[in-house]
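Below you'll find a set of structures to go through.
Look at the two complexes coming up: subunit A is in both, with subunit B in one and subunit C in the other.
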Partner chain A sequence: MSDYLVSEKTLAGFFTALATGRRLLAPQGQGDDCRLAETTGPVSLDYANTHLSPKGVFFPQTEKILAFHKLADKPKANQYQDLGDQAQPTVIFGLRPCDARGLTVSNRVFQNDRFTDPYWKGKYESAIKIGLACLNPSPQCFCAAMGGSPFGEMGLDVLAYPKDQGLGLKALTPAGEEILKKAQAEPADLAADMAALEKKAIQSQGSLDDYATINERKIMELYKADHWAKTAEPCLGCGVCTFFCPTCHCFDIQDEQNEVGGVRMRNWDTCMSPLFTLHGSGHNPRPSKVERVRQRFMHKLKYIPLKQDGVRGCTGCGRCVVMCPANIDIRSVAAVMAQASA
Partner chain B sequence: MGNLDDLTQKIREKAKSLLKSGQVEVVIGYRAGTVPLVAAPFFARSPEDCDNLIWSSFARLNLANYLPNRAGKVALVAKGCDARSAVGQVTENQFPRENLYLLGVPCAGLIDPARVAAKEPRPIQSATESDEAITITGAGFSQEIKKAEVLRRNCQTCAHRTPTVSNELTGPETPNAPPDDFSDLKDLLAKTPAERLAYFKDLIKDCLRCYACRNACPLCYCPICFVDETRPQWLGKSTDPMDTMTFHLLRGLHCAGRCTACGTCETACPVNIKVREFNRVLDKSVQENWAYEPGLTWDQKPPLTIYQPNDPADFIK
Partner chain C sequence: MISVNNPYLPYPVRIADIVVDSPDKSLRTFKFEFLDPEDETRFEYLPGQFAELSVPGQGEIPIGIASSPTEKGYVLFTVNRVGQVSSYLHNMRVGDVMGVRGPLGHPYPVRDLKGRNIVVIASGFAVTTLRATVAWLLHPDNRPNYGRITFVYGARSPGHLLFREDWEAWQKRDDIDVYVAIYKMVPGWTGKVGFVPAVLQEICPPAENTAAIICGPPIAIKTTQPVLFEAGYKPDNIIMSLENRMKCGLGICGRCNVGPEYVCKDGPVFTLAQLNELPPEY
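What follows is the complex of A and B.
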């Protein structure tokens, strides 16, 4: 794999080349309006992060997966037909390393040695993912504290960073290398430059708390710790944290129909809702917000790392920290979990 | 020492004495947030806890939301709108009055982070405040902004900043804003029904149906919200615009004549929807028809929950 440069002069052409033969998704807009949207350029490099995480590209909030019709005189009436993965050739430019890492967490849920989810797989695998490293992480970012880096490479085909009004690019996969060559990026050697910028960006995140003891503690020790009622008390149960989280991937299957036909779809669900675990019998194994809040943090910080070789279910993107109406800060909760005794 | 510091000191002192004397089991107030421009809900159970309590113009979440279904005696740090919401919950039989101690805070209006971001879009690392201004600091900048320029919409038209009902006030009454004359609704109300529908559709186009507005709202205390009922299921779960609109319209109607304009729904909304717009149209109607404002006294009931022979509407007679 090699490094490449795109100069200020060739930047517009680079994005046009990326968008040729496939759709180019890139962050558009600023602040709370910043979102991934289709474009052919120009692409702004001056954004903190997209307001919503990019998971919706591969795992839409509502995804119709099966459909049927009720026209008795037409073939296959009242039989569900698979709508397919609805993937289209895509390149995403500007994934932040935290989000790319987060997508790998969901990827291992949707594709592993036991299951393959065709709807996720089709979209995730056909997308070329070009990351944009963070030269100036936001005040609420803490990727390094969660094991990532502002220059993290996990889950990316290419890692880019702003350089001299153009871009520096590091190819990370053959697909990434190929698209850079096709877009006529100039070969370069950026290793030293990137290492220096990464060091500076990590330092700008301030002092990093150490959550490592969570890894060492036993599940039941963390689970039975006595802080959970206090931790959960301010929670409103709204699930904003889960909707904005780049790794939250739980869904609910729903059937809807009218007089002419119907669909089966899956919708984002949230473990913060009592409905998430409500049984048909009326029993609810997570009856109060204490169990629900505990589940969310245990899942992010203990269960996922156990199942995914130490990669946490929190990537430090900071969205839930900023967005939680009750200011339940996962950094504070992680610190309590790291200290709590059973 | 400024008024803010006085209020913080008074809240701490009073909270300690209420807990020490056993008069209440918990004091629900605010602590400093872990992110700028936020004060977070905090539950003080011991005198030591009370040193975390603060008063701040970032205290946007309505704490009355934590009252329903809570056992035991509670002191609530309450600004004008929160106190009105708590009174509303008592009059709607959601919380026993004898268990409630209202520690009333004369409020001077709270800060709208969106208005701050409009003035300074760069990421903010920290924010401090004096009585008149906030100072925001980020990478390579520090800026003072007068509070009056960045108050929330509802705070700009709040006629009850100092709680009208409380067990005790923590400071001198604050001057009220000129009351909401709903003048900004004039254009909306002049629209045809079809245009109005288009307006509200556009208003909620980014809605994720996370229900943060509902969950933050002290009026939304139903044991199971109609959107969460499963037998039967009234509403679809997708991002279908009709289902989303149904949620907002029904929630608005459920809250008619009960909303205290606390703005906590808009504070909680992660996609910046002006959720209160639904309620304000209804508030205007309730005020015009029944000259009623919720939560001002212990003995009034929301007009849409009662019937009186002198009701101005003809259809009901």
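What follows is the complex of A and C.
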């Protein structure tokens, strides 16, 4: 794999080339309006991160997956048919490394040791993912504390960074290399430049706790610790943390129908809702917000690392910290988990 | 196995028979036949696995498979009427078309238990997958591979005992010990009386080289364990099946987890030794 440069002069043409023959998604707008949207350029490089995580590109908030009809005089009445993955050739430019890493966490859930989710797979694997490294991580960011980096490469085909009003680019996969060559980026050697910028960006996140003791503690030791009631106390159960989180992948499946037929769809769901786990009998294994809040943090910081070779379910994007109406901060919770005794 | 291309896509089935199982009509056993006979071959399963019953326009419910793969041509599911899908299903008729998606989960580890004695302990309508297990164990292909087999089954009243024809036939065999109990005496009952743990205490087979398979409501599972401990059973040899609210059945939608394990994908069968290391969120 090689490094490449795109100068200020050739930048517009570079994005046009990316958008040729496929759709180009890139961050558009600023602040709360910043979101991934289709474009052919120009692309702004001046944004902290998209308001929502990019998971919706591969896992839409609501998605029709199956359909059926009820017309008894026609073949296959009341038999579900697959609606397909709805994937289209896509290149995403400007994924932040935290989000790209988060998508790999979800990818290992949607394509787990036993089953493959075709709706996720079709969209995720066909997309070329070009990341944009963070030269100046925003105050909400703590990727390095969670094992990532402002220059993290996980889950990306190309890692780009702003350089001299243009772009420096590092190809990370054959697909990434190919698209850069086709877009006529110029070969370069950026290793030293990137290493220096990465060091500076990590240092800007301040002194970092690595929460390593969470990995060493047993599940039940963390689970039984006495801080959970206090940790959960401010939670309103609104679920905003789960909708903004790049690794939250839970969904509900519902049927909708009219007189002649219907669809089966899936919609984002949240473990912060009591309905999420409520049995038909009325029994609820996570009956109060204490169990539900504990579930969310145990899932991000203990269960996912156990199943994914130490990679945490929190990538330090900071969205939940900013959005939580009760100011629950996953960094504080992780610190308490790392220290608490049963 | 479940459809490889799309594990969300149910196999189309026709309701071939419906049996009302309890006096209050809250339980019905559905017999399904696959519309495409090849789907029956694809739906290769073992006792203890479950499937999503898929009712068009209503949704899906995860239900244990009550038939044994040694019984060909159909699959059986006993459904308790509790929510939207199960209530609608209870009103469907023989001949109606719907879907079955599975098999899902892991079976009871019957293949790993070869050469051992097995005691099967069922409470209430959780008997379904255990009925499948005993039917499988007693099949001539399988029976010689196991030692002593004991079946303990209890329900509220004689009317609440499912699969009567099966266990009455088993009672006549000499290669299985069958103990069927009701919780409170009624006139005409000649079997045992008492809750399952009490019956088990009376007849519990020795723990040596024996595995216990338990399924029932949480209270029955909880009160049965001390009886097994007292008889010398180790947590490794106590095998249980859990249930939690589910949607996908594939370990993806996120709601049925017990710690890092998903009841749908990694269970529903766990040993007590495994569960002792996990949060009791079931």
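We take it that the second predicted complex is superposed on the first by the 337 of 342 C-alpha atoms of A that agree within 3 Å, B and C clash if a C-alpha of one lies under 4 Å from a C-alpha of the other, contacts with A are read in each partner's own complex, and residues count from 1 in each chain.
Just so we're on the same page, a contact is a pair of C-beta atoms (placed from the backbone, for glycine too) under 8 Å apart; a residue touches a chain by one contact, two chains touch by 3 or more.
Quick caveat, the model's predicted, so the values are computed rather than measured.
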{"item": "Contacts of A:E233 with subunit B and subunit C, given as first, second, both or neither", "value": "first"}
{"item": "Touching partner for A:K70 - first (subunit B), second (subunit C), both, neither", "value": "second"}
{"item": "First, second, both or neither for A:G41, with subunit B first and subunit C second", "value": "neither"}
{"item": "First, second, both or neither for A:D252, with subunit B first and subunit C second", "value": "both"}
{"item": "Of subunit C and subunit B, partner touching more subunit A residues", "value": "C"}
{"item": "Touched partner set for A:C271, first subunit B, second subunit C, both or neither", "value": "second"}
{"item": "Touching partner for A:P285 - first (subunit B), second (subunit C), both, neither", "value": "second"}
{"item": "Overlap of the subunit B and subunit C footprints on subunit A, listed as residue numbers", "value": "252, 254, 256, 278"}
{"item": "Footprint of subunit B on subunit A - complex, ascending", "value": "30-32, 48, 51, 61-62, 136, 138-140, 230, 233-234, 236-240, 243-244, 252, 254, 256, 265, 267, 270, 273-275, 278, 321-323, 325-327, 329, 331-332"}
{"item": "Touch list for subunit B against partner subunit A, complex", "value": "33-36, 38, 40-43, 61, 65-66, 114, 117, 121, 123-126, 138-139, 208, 210-212, 214-216, 228, 230, 236-240, 264, 267-268, 270-272"}
{"item": "Interface residues, subunit C side, partner subunit A - complex", "value": "2, 5-10, 12, 35, 54, 56-60, 80, 82-83, 86, 96-99, 218, 243-245, 247-248, 250-260, 265, 277-282"}
{"item": "Complex interface listing, subunit A residues touching subunit C", "value": "65-66, 68, 70, 76-82, 109-110, 112-119, 218-220, 223, 249-257, 262, 264, 266, 269, 271, 276-281, 283, 285-286, 291, 295, 298-299, 302-304, 306-307"}
